[in-house]
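Dumping the structure here so I can ask a few things about it.
Each chain carries a letter (A, B, C and D) given by its place in the written order, and its residues are counted from 1.
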Amino acid sequence: MIFASDNWAGAHPAISASLADNASGFAAAYGNGDLDKIIEKRFCEIFEREVAVVFVGTGTAANSLSLASVAKPGGIVFAHREAHIIVDECSAPEFLSGGLRLHPVDGPGSKMTPAALDSAVARFAPEIVHDGRPVAISLTQATEAGTVHTLDEIEALTSVARRYGLSAHMDGARFANALVALDATPAEMTWKRGIDLLSFGGTKNGCWCAEAVVLFDPTAAKDFGFLRKRAAHLFSKSRFIAAQFDAYLRDDLWLETARHANAMAGHLRDAISASNRTRLAWDSEANEVFAILPRTLAESARQAGAVFHDWHTPAELAGSIQPDEVVCRFVTSFATSVDDVTAFAALIRE
Amino acid sequence: MIFASDNWAGAHPAISASLADNASGFAAAYGNGDLDKIIEKRFCEIFEREVAVVFVGTGTAANSLSLASVAKPGGIVFAHREAHIIVDECSAPEFLSGGLRLHPVDGPGSKMTPAALDSAVARFAPEIVHDGRPVAISLTQATEAGTVHTLDEIEALTSVARRYGLSAHMDGARFANALVALDATPAEMTWKRGIDLLSFGGTKNGCWCAEAVVLFDPTAAKDFGFLRKRAAHLFSKSRFIAAQFDAYLRDDLWLETARHANAMAGHLRDAISASNRTRLAWDSEANEVFAILPRTLAESARQAGAVFHDWHTPAELAGSIQPDEVVCRFVTSFATSVDDVTAFAALIRE
Amino acid sequence: MIFASDNWAGAHPAISASLADNASGFAAAYGNGDLDKIIEKRFCEIFEREVAVVFVGTGTAANSLSLASVAKPGGIVFAHREAHIIVDECSAPEFLSGGLRLHPVDGPGSKMTPAALDSAVARFAPEIVHDGRPVAISLTQATEAGTVHTLDEIEALTSVARRYGLSAHMDGARFANALVALDATPAEMTWKRGIDLLSFGGTKNGCWCAEAVVLFDPTAAKDFGFLRKRAAHLFSKSRFIAAQFDAYLRDDLWLETARHANAMAGHLRDAISASNRTRLAWDSEANEVFAILPRTLAESARQAGAVFHDWHTPAELAGSIQPDEVVCRFVTSFATSVDDVTAFAALIRE
Amino acid sequence: MIFASDNWAGAHPAISASLADNASGFAAAYGNGDLDKIIEKRFCEIFEREVAVVFVGTGTAANSLSLASVAKPGGIVFAHREAHIIVDECSAPEFLSGGLRLHPVDGPGSKMTPAALDSAVARFAPEIVHDGRPVAISLTQATEAGTVHTLDEIEALTSVARRYGLSAHMDGARFANALVALDATPAEMTWKRGIDLLSFGGTKNGCWCAEAVVLFDPTAAKDFGFLRKRAAHLFSKSRFIAAQFDAYLRDDLWLETARHANAMAGHLRDAISASNRTRLAWDSEANEVFAILPRTLAESARQAGAVFHDWHTPAELAGSIQPDEVVCRFVTSFATSVDDVTAFAALIRE
């Protein structure tokens, strides 16, 4: 009953097998091997257009280098107050971009509202050095709260960005989970709705360590190469990333693992809703579930073997939570079994 | 006949197997899993003392974060003019350390001489802000030139460092190759000879992607964790590094692969010395061999399937190389076969 | 009728005279001249203890280098949402500190409340790398809103800092204005109430360009020297700063100019309160006054020669301002004359 | 007999007077005042073309921000091994540019030779991320050794830059001294010979604190404004810089003070050449003189009141200096009197 995080899972057997299959023989290093190039083409097919693909090892690297690639001195990036880049990356985006500032924007469900975004950007006169200058927005899909932006919501936010001449970045650490939740295509969820560059995550969805920045403007790739190397994120044996993506993207494995994780989350939500000892903190659509539990129940569930994290109580819930209650987060993954969910459901049932 | 680089090889079968073996099941992320801790203990045993171990994904990250951990504003690091951190890392050490400067020092065989190091450091008055201030030395073991510092040479350099109050860092991207060349123990080649922190490389010697910073002062680990995360180098599924090191360090696999690579380099050197169409550019002891070839021979060897890189002609060789000759580098690895070396030997034999 | 900013004024005649008096003759550069040292002693007397003093040229430099001096990788600084370091310094504090993050805290009157500060800091677990780690608080005295922290308010905030082991910085760009508003001593308003380091501003209060960082821990000065030089903020002819401070601090000139500026602001406030065409946006105590004007009145006043800036409407006022009204800021200085205030009062009187 | 540095002098009386004359009245801050704009036009006239001018407070800031404005990730700047930006600025250029590397180039008289520059640049393949990539050259005019590049020498170096697509920066901390030594016009010594951007120094030649970056591509000014503010180098009361330049550039004061300083250096050189107890270390043309003195003579001269600095012995002099001799530097300025030089001449005469 491990619901601590999707990164507590290991690697999907197909990913492991692909690594083993590609272990022997020689291949050009630093992204110049045949398999590297095959994977780049695969991304082009998946996104239905020419893209440039930059492999990195962590989601934080993907986000930080993406933002660095659109940075200017004094630049400001707008993201939701609870976005991973703001609360969970130890200022890596600021550091690796030479001093970008991340400006928190509000909105329910960890999604910026277009109005809040607009008013945040509008406060900055475009060329007053004291203020700094807006350069980009970043939205997380799926969000840290397990919610998913609809295609229209994405477009509404990127439209604000476009109006102010800002780049639109998507943090897709859980890209696949959002995609299958929306039943959309990768193209529909990104460039067709105004996204300029994407952190495409594989790690949380069954890879060991496979993240990529997808640049919908492929001419940006040359400079990006220097950004990546200067940040020490260029792998020599790059085919070990390529080999993971090879299995990940083959025969829709990535969609299948994401559907499984989301389905397990759905079962969890059902179990939580069905119990009269606990309730959902808010609704979610991807592979994260947030529930309000009596502390005693959280403790007894843990003693029975369930693993999950307490979560920061959002301001909007402050009034509706009792002192003896706690918000908890449950994350599912390709490795979550129905049995685990069933066992946990039994624990919280009266 | 691939002698392009040791990073053109894939992963050793035992490394692959270990990854597959550790792929299933759940484990705490971000370095907190059981296997992560077992590996840290293994490092303590190997180095015969308490050490802290920080996993990262690239040798450049290991070097850059090591130097960042001993940096001060205006800090200066002394390294050989041809050191990897100076010529091959795209200013990552400077960038990730917030502006350290790398000061080139001379010496034959890509090894700083203690006298040259001393005189370079001595030029800096200790506390004049205009000059900056020395903070560390960094020596590469084995060097980029395939040479290896003897234990006494290491101590002579770290003694200079000690005298000026500087930290002593070792770039051990090819640590194992140097170790078996010297037939020394890890402790003897490092802290017993004055090294304070070490970039311990596994990637070039049979891993997919496994590098570690070894801190002989374990109390430095806490701050190092923030440096690593801020640079986006903290892996979530850290066990995929741990699993590689588990196989790498088990039953002396790492020494065995290094011995093989060095032996293949020895055969290559013998073949080059035996040919009257080519000659060694300089002697080397680890898994890199540098030879002077007629350009026509280099070309014909390549057409016959040999892969190797032209190399920058060092200043000291400038006078002894003919216009129709070129310096070439040959790198061997765990994956280099005797057959490959034999085939290449045949190509260059008259 | 120039109320645009206190930095639209030039230099006080005594400051000019001191510069002229010190223009001839030779003096050691880079802070080593006799006058530099005399001024440092003067600061010690004024603050009733040993302090180290670091001259810089801009308030932004004083703030940024102060925070840099207490920075750590992943470090977080807490300041009011409307603090100058957050809204008016183009990310210089982040940039010059190698990536500190500024965390906005709420509170009325541009002053953080201790409770809001405490709850902001408390969200950060002390040593979780993902979050970053709190390192300092920064409070502005007087604030950008013209308000002044009482001594007890200062202590309440520095007590929170102390409890969490954070440094307490004061942005004193308008230090003198706050000091005379409180009728306190420099010691009382700083280290006796828990402040660790201070940006001491002279420029806005009658100097050309004279700012100093005052370190209540003088041992921090050595490293600070490198921070300053690395940021290119070490003046060669440092006596031109010293000469300004010499006049500024002599015979309480600085308190006199601040009293004058505050008094002029008081007259302005009275005039605004007395008019039934305008009203104070909020009360203030130092040399800034914020008023709500009908747009037509703002326009006619400007046409009559008054110079002042529109101001961002704070969220708490949003409901009480009509569409045809605007918040305006009026700043007074040593150079503001009673006649100017009287003339402006006439403009807004019905 | 103060020959320690030209920054030991104060301000020329005309500079002081201009500051006093501009002290009263109100003016728009941050470079937007009338005088700021008048000075910018003056620069256009002096350089015979449209230029953008950015005021800063230190030569290090002018150099660092100039280089930052042409930086790219992994960028490399080529300068003479003894250039101020390399040996005397505490890594500020690297820090303020986000990690540019300064690559030392050799040449006699502190001037890079075109051949050495070409071969240094040529080693870098243009787009290999490991190496970094050349972005600019920087030459110092006059050099730290008191020498001056001829117009043809400047063009030879900028031609190399042009061939590789690099920007050409001139560090003109002693621009005026070089200009009058060559009897050239500002245009001839800069953009007509291929210079793209210039650090124009006033401080060493009679100002208190007046430096400017001159951009021969004025469209670069907008971004430069953010670079300057982000580094905390934007002065609020910018007219105090403008007022200095107003006097400095009026009636050719700047050329007159430079001619005086150079003439005093000439007298010093004559006196040194005429003495048989000392000799010139090398010839120089601007306001710095380097001599080899017996240590006993250096000591007795100092006891008699002369102030000058020992200098680092350049490698090329190592063989020709006796153990009891020392290289000393003598710097003259607008404030150096004939009497001082005469008195010093008497000290070193037998």
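Brief remarks follow.
In this text, contacts are C-beta pairs under 8 Å (C-beta built on N, C-alpha and C of every residue); 3 or more make two chains touch, one makes a residue touch a chain.
Bear in mind the structure is a predicted one, so any value in this text is a computation, not a measurement.
Shared contact partners of chain A and chain D comprise B, C.
Seen from the Cα centre of chain D, the chain whose own Cα centre is farthest off is A. Interface comparison, C-D versus A-C: the higher count of C-beta contacts falls to C-D.
Each chain gets a centre from the mean of its Cα atoms; for chain A and chain C, those two points are 40 Å apart. Annotation: 50 Å between the Cα-based centres of chain B and chain C.
Taking each chain's centre as the average of its CA atoms, chain C and chain D sit 34 Å apart. For chain A, residues that reach two or more other chains under the stated contact definition are 30, 73-74, 89-91, 95, 98-99, 129-130, 132, 226, 229-230, 234. Chain D makes touch with chain B in their complex at residues 73-76, 87-91, 94-95, 98-102, 104, 123, 129-132, 312.
Those residues of chain D that touch chain A in the shared complex are 30, 68, 72-74, 98-99, 127, 129-130, 132-133, 222-223, 225-230, 234.
Within the complex formed with chain B, the chain A residues making contact are 2, 4-5, 7-13, 15-17, 19-20, 22-30, 56-61, 64-65, 89-92, 95-96, 203-204, 208-209, 226, 229-237, 239-240, 307, 335.
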